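By written order: A, B and C. Residues from 1 in each chain.
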Amino acid sequence: MILTLFWAFPVIGALFTLLAPAFNLRARWVSLICAAMELYLVLQAGTGFWGGRLASLSEPGKILTYGISYSFSMDGLSWALCLLNAFLTVIALLSSWKQDLSAGFWASFLFLEGAVMGVFLAQDLFFFYVFWEAMLIPMFFIIGLWGSENRKHAAIKFFLFTFFGSLFLLLGILALVVFHHQSTGVWSWDMNILRAPNHGLYAILAFAAFVVGFGVKIPLVPIHTWLPDAHTEAPAAGSIILAGVLLKVGVYGFLRVLLPAFPEWGMKSLPWLGGLAAINVIYGALSAMAQMDLKRLIAYSSIAHLGFCVLGIASRTAQGLAGGSLQLINHGLTTGALFLMVGFLYERTHKRGLADFGDLVSQAPILTFFFGVTVFASIGLPGLNGFVGEFMSLSGMAKVSLPIAVVGVFGVTIAAFYLLPAFQAVFLGERTPASVSSRVFDLDFREQALLWLLIIPMIVIGLHPGPLLNIVGPAIGKLIL
Amino acid sequence: MTPSALFLRFLPLGSGISLFCGVVGVAFVGISKKISAGLIRALGLLSLAAAAAFVFAQPANGDISSLLHADGMTKAWCGVFYAGALPFLLAGTWTDEVSVLLLLGSLLGMTFLAFSANLLMLFISLELLSLPVYLLVALTPAQGRPSWEAAIKYFFAGSVSAAFFLLGLACHYSATGGFAFAGNGSFLDQVAFSLMALAALFKIGAVPWHFWLPDVYEASEPMLSGFLSTSVKAAGVFLLMRLAQYSQASFVSLLPAIGALTMVFAALAALNQQRLQRLLAYSSLGHAGVLVLGVGAWALLGATEKGALPIFFYLFSYVFMSNGAFFFLELTGVSQWSDLKGLGKKRPILAFCFAALALSLAGIPPTAGFLAKFLIFWQAFKAGLYLPLIVASLATLTALAYYLRIVREMYFEEGSSNLKLEKMQTVNLIVSLSAAYSAIAGFLPWILSAFQRVLG
Amino acid sequence: MGIPFSVVCLFAAPVSALLFGYFFLLKRKQEWMHWPMILSCAVVGVSAASIAAQVYSGHVLDVSPFKWMPVGAWSVSFGVRLDGLSAIVLSLVALVGGLIHVYASGYMEGDPAFGRFFLAFHLFYLSMIGLVVANNYVQMYLFWEMVGLSSYLLIGFWYQKASARRASLQAFFTNRVGDIGFFLALLILMNVFPAAHARFSELFPMLGKGSLAISWVGWLLFLAATAKSAQFPLYFWLPDAMEGPTPVSALMHAATMVTAGIFLMARSWPLISLAPHLPTTIAAVGAFTAVFSGIIAATRKDLKRILAYSTVSHLGIMAFGLGLGEVSSALFHLVTHGFFKAALFLCAGNIAHALHKSTASVDETGGLLKKIPVTAVFFTAAAFSLSGIWPFAGFYSKDAILGAAFDRGGWASAAGFAIAFLSAFYIFRMLFLAFLGPRKEQHPPEHPHEAGPAMNVPLFFIVLGAIGIGWFSAQFYQLASSGWLGVSPMIKIPGFDWSSFIRSSSMAGLGILAAYLWTMKWPSFDWDWRRNMPWIETIADADFGVKPMVAALTLLVEELSYLLGIFWDKKTWDRWIENTSLWAEDAAKSVSSLASGRLNDSLWWILLGGGVMLLRLLK
């Protein structure tokens, strides 16, 4: 039952949060307490994973109708991602603490947290899909209700676009289940059992459907254009979760569902996947360079960073898979921190264009420091977390295909070309009316604490990723070629 | 024959008898003119409850007589028929006893439809269930606008449908020399089944035999539209399934295409509707498309009784979704998009209910609509209907656009709508319950086994 | 294997100084910021000295105590390798760096960002130490990048100036381009020699001759070194990087940071020497860089820019020497250059300080000999050292390289002549212009003040080094070759050799003479040619076309990104996707128009549908 608790607890918490005003309770406090308790739960469950003592934690599945079974399991990879989810939810809630928001806002995040937990834990594809889609609804409201000017359009676009991908995912899942039934005569939705046939047109099509289905969430170029709009229009907390957690489920799907289920195609397609990822890296980075809006820029940088994750995973080597998984966490931390800080700026000035700011350092030196550190982590400066993931991913890819790795290395380089000028334009640069307005003041205690919470892991992972790799390692070990 | 044996013999007919008694009772009570609407409603409910009890107390499946036959589908569909009518009966704004009488009469026809053991019986019960509905449409107009035009259209459509069915029946008789379901596979017999299936598709409103449907649904009182889109449509689906079950005709292979086409048509046509009731009518058309697709898949997979679960579950869930949505319109008097604006702030619970219903109609997890659609898609995939499935998926995506617009108008737009929001406790309860079921049923595949048990 | 305390100190002292400084001093007492840093420099200096002594006596330390990225068999560790190479550069960094810390505490006094300056400065110091003691390539890359980061912070220290911001970005970007090479080399090394874990001591013995992968790695590492050590064509960031405060220029762009590339090549020499044609290419690129930037240095007016181009030139000389196989001589030049260039920069800093500016042009100087004589003396000594005049330090190292070049003959000896002439020429032109005169075009300050002891005392020690360090070439060689991993032993630093002495000294003498004629015989010549032949200056300003090329390339990338990120992604592709909703609406309109509501039309539809169904029967 403990695993059910993981997803159910935030959902119940969300209901409590919704009801809180009726009992004269502060909704934000209720939500925060729930999120903190959830974080504690996850941490508690993880004690077994430290040092690789426990490979996985699972609940015996209960077969329901049509072979659909209610089964959940947690291994090192799921745990790490659950932890990221629980952690970033707390950060996201606290990031909007001072804003005057209704109970629905706070509850949405808990709903979202619960749904994402479900995705990371479900072993049954039916429930996987249900949780996968259920993520859309709270995010839709978060963008549409509490976003910035163009929020309505962005929310609808987000929903329709990602639902488009989900339809492919659904078709892929159905195909997998039907294939399994054809060969064994048994209905099963268990992702640990389902295997596609090794050849045949339909197997290829099903594989492609999965790639599209997961690819929209990652997002893979060219099915990525929902992301800049969604990130830009979402409120800061929403962007944190969207970039920090929601983009991860696509790659997680690659790791958990796609590669194990298509042993043959998973192998044959490696160069293709790697190529797609390399395109992502370059495309995202070059596009980011042209952006004049901070959030848009970070959004495009996410496309590039997720490209590294896929790159590592597509290599299917020990270091590549570990690096790709690590990069998921890294990206959650760095991009989460970047969106958090842009959110602080937006809260103060209601602006987020690169040209709107300049010389913020004179008003907010502490913010500048944090932003700088995060930017360098995002660039992939060794010693901070970004490098470890990127290096391991690329090292894995180099073993499989050196040309693709070369493209990836160019991507690493270009990362500096868009993030640093943006950093300079906003924090150094010439003064602008917005940046010297009296509304700009340096971070208060809460904000600093939040950023420390994000930055310390960045440094720790950058210098000592070993424990995390040990936790994630066994989970992905079976994928290694 | 001992009394107990007599009783056992008539037990299968109990539901029909109780509904008939209800009709007669209401008619007699209505004559006195002094009896309150409450009593009429109570009588109706009582006969409905008795009918349901008889259906489910049904001891064994099999032939009851040469005309009547019971199996798992009979029970299941009777359940759907009654459940679809229940809200209307509970909350209908009656002016006289005639509506209840008509409703019960229609349900009587449906019951016999479900129990039919041959094609002739099928035809008779089809007419029996249709005639009261035409009158209901005429007598229960939406917001005082006369609905004779819609009623006539409906009647016309129904007549054409009946004509086709009769023609098919005649062909069947000349081919096989009887009215039994089973055909002999001759060409004439195949023509016969195709003609009869045409009638069924007409009844369901599949494209291109749909033209009457939006007009009728729009012109009727929303609550009646709820009944039309659930029970009456379920009757059409049942008819189609019975035909598909016994025929070797090739119309079955057309059903997936027709279903997918209907979904696309409905999704597109709904996109630029301004009136919400018409929008919901097209939404209902879209769901009819899914059902036709499902029937096609079911038939291709062998048309077993057990295999009917996805369609049964779909219809059952749709009873909640559709009734909930139409009753919401009734409750709030919302007719235009602009009426929805700002509802999320003003009436959060109501808005939440409608949003849940809309998302369920769209088929987003974890709603009931998702699980239902999911099962149908799964069946279709199993049957190898890849192309119709892809078309259906795209149609679902398109349809999502207007369902999302509902949510958007309610939550994201500012507005000060002056809704009537009368005190209608029953309607309120129906909307809330429907929304509650719709919102979470998709996450509970457990309940499927209960449905399976009904099917036997 | 235990780690000696001195090695622990190398990291522990700077890290704790930085943490203490950031968390305790920055807010409250930033004017005290230099104290923990100087203390840490002292600790590091002592440790470095003891390490050097150990290595000198033949004790090489190579341990990998921590795993950094462990994934099964594939892993990268943290470790230290203390052999001759690292001990030498470590000592240089510790000593010169420490002295410049002291100098900077005087130079930067009263700066509003005093605390930030020392934090970044010390971070750089730490990175450089880490770079030289790393025992594997990946760890080296870590510190290599941190050197890049701290140089970015320091070049852009006066971020209020647009030029400083630009220069810092340019420096970081150019280095980043070079890092592509390093990164790729890492990837190849980790995959081709997985068992070595990129560790020098395990990797180098594994190398076989002529493997394609090895030569790729060699070329790629050379690319990295090209950017970091400012070789042509990736040199252009270095002169612009003079935007930082002068101690920064002295520390990073003269004595230490740019030498990281040379250090990398020396470290990788066992590998590079195996790549066909690579050593020759390195020598050629180095020679070209040396001559090319020497010429540009001779045309500059800004004192720090002259020195910057001179640095580029000397880095070219080192690469030249390395390419010729003279690893020890190149290293030796690295060390002597570290001393005399730091001295020159600090003298330039003294001048700028006297002028209360961040940098000075020759227009604002002239006749400084009388006004700040101490600086003038220091400068002269360092200038002699740079020109390679016996017995100054520069002579011993440079002459060794030039000697090898003369032995090689052909283009190498021509380049040797040019280098010897040019370096003497530009530095003495600068000396004469700044300290003698003033000429009528010059407007020196009325009452400049000599710098205080905080600046001049460390400068004095550096100048001492610039004078005398060359006398210890034998000891230097012994230290350098301790723990050498090369297949063939390190080539000895040649002793005093008359033939090369005569050739190089005569060229240097010619250079000094030419400078004398240029500046003293025709005092206005430097201004006249600019007035009369402005096109020469235009060409020289553009670095013979390199700068416009870089600008064009930058523009190209910007245009490309606009084309992709805005024009294609947003305005074409995304618009197309969004337009699908419009198409759906169009389709919806046409579909709605079908539903006319007339019974007639419906009948046709019914017939059509029925017809299809019946036709289906015919198959």
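Everything below uses one rule, namely that a residue touches a chain if its C-beta (ideal position, glycine included) is under 8 Å from a C-beta of that chain, and two chains touch if they have at least 3 such contacts.
These figures come from a predicted structure and were not determined experimentally.
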{"item": "Chain-level touch network, classified as line, ring, star, complete or other", "value": "complete"}
{"item": "Most central chain, Cα average position", "value": "A"}
{"item": "Chain centre separation (subunit A, subunit C; CA means) in Å", "value": "37"}
{"item": "Averaged-CA centre spacing for the pair subunit B and subunit A, given as whole angstrom", "value": "43"}
{"item": "Chain centre separation (subunit B, subunit C; CA means) in Å", "value": "78"}
{"item": "Contacts with two or more other chains, residues of subunit B listed in rising order", "value": "401"}
{"item": "Multi-chain contact residues (two or more partners), subunit C", "value": "581"}
{"item": "Residue list for subunit A, restricted to those that touch at least two other chains", "value": "160"}
{"item": "Complex contacts: residues of subunit C adjacent to subunit B", "value": "581, 584-585, 587-589, 591-592, 595, 597, 599, 601-602, 605-606, 608-610, 612-614, 616-617, 619"}
{"item": "Residue ranges of subunit A in contact with subunit C within the complex", "value": "157, 160-161, 222, 225, 228, 283, 286-291, 300, 317-319, 322, 359, 361, 376, 381-383, 387-388, 391-392, 394-395, 398-399, 402, 405-406, 409-410, 412-413, 416-418, 420-421, 424, 428-430, 463-466, 469-470, 473"}
{"item": "Footprint of subunit B on subunit A - complex, ascending", "value": "64-66, 68, 126, 129-134, 136-137, 140-141, 144-145, 151-152, 155-156, 159-160, 163-164, 167, 170-171, 174-175, 177-178, 181"}
{"item": "Subunit B residues within the subunit A interface of the complex", "value": "359, 364-366, 370, 374-375, 377-378, 381-382, 389-390, 393-394, 396-397, 400-401, 404-405, 407-408, 411-413, 442-443, 445-446, 448-449, 452"}
{"item": "Sites on subunit B touched by subunit C in the complex", "value": "153, 156, 160, 164, 187, 190-191, 194-195, 197-198, 201-202, 207-209, 211-212, 214-215, 249-251, 253-254, 265, 268-272, 398, 401"}
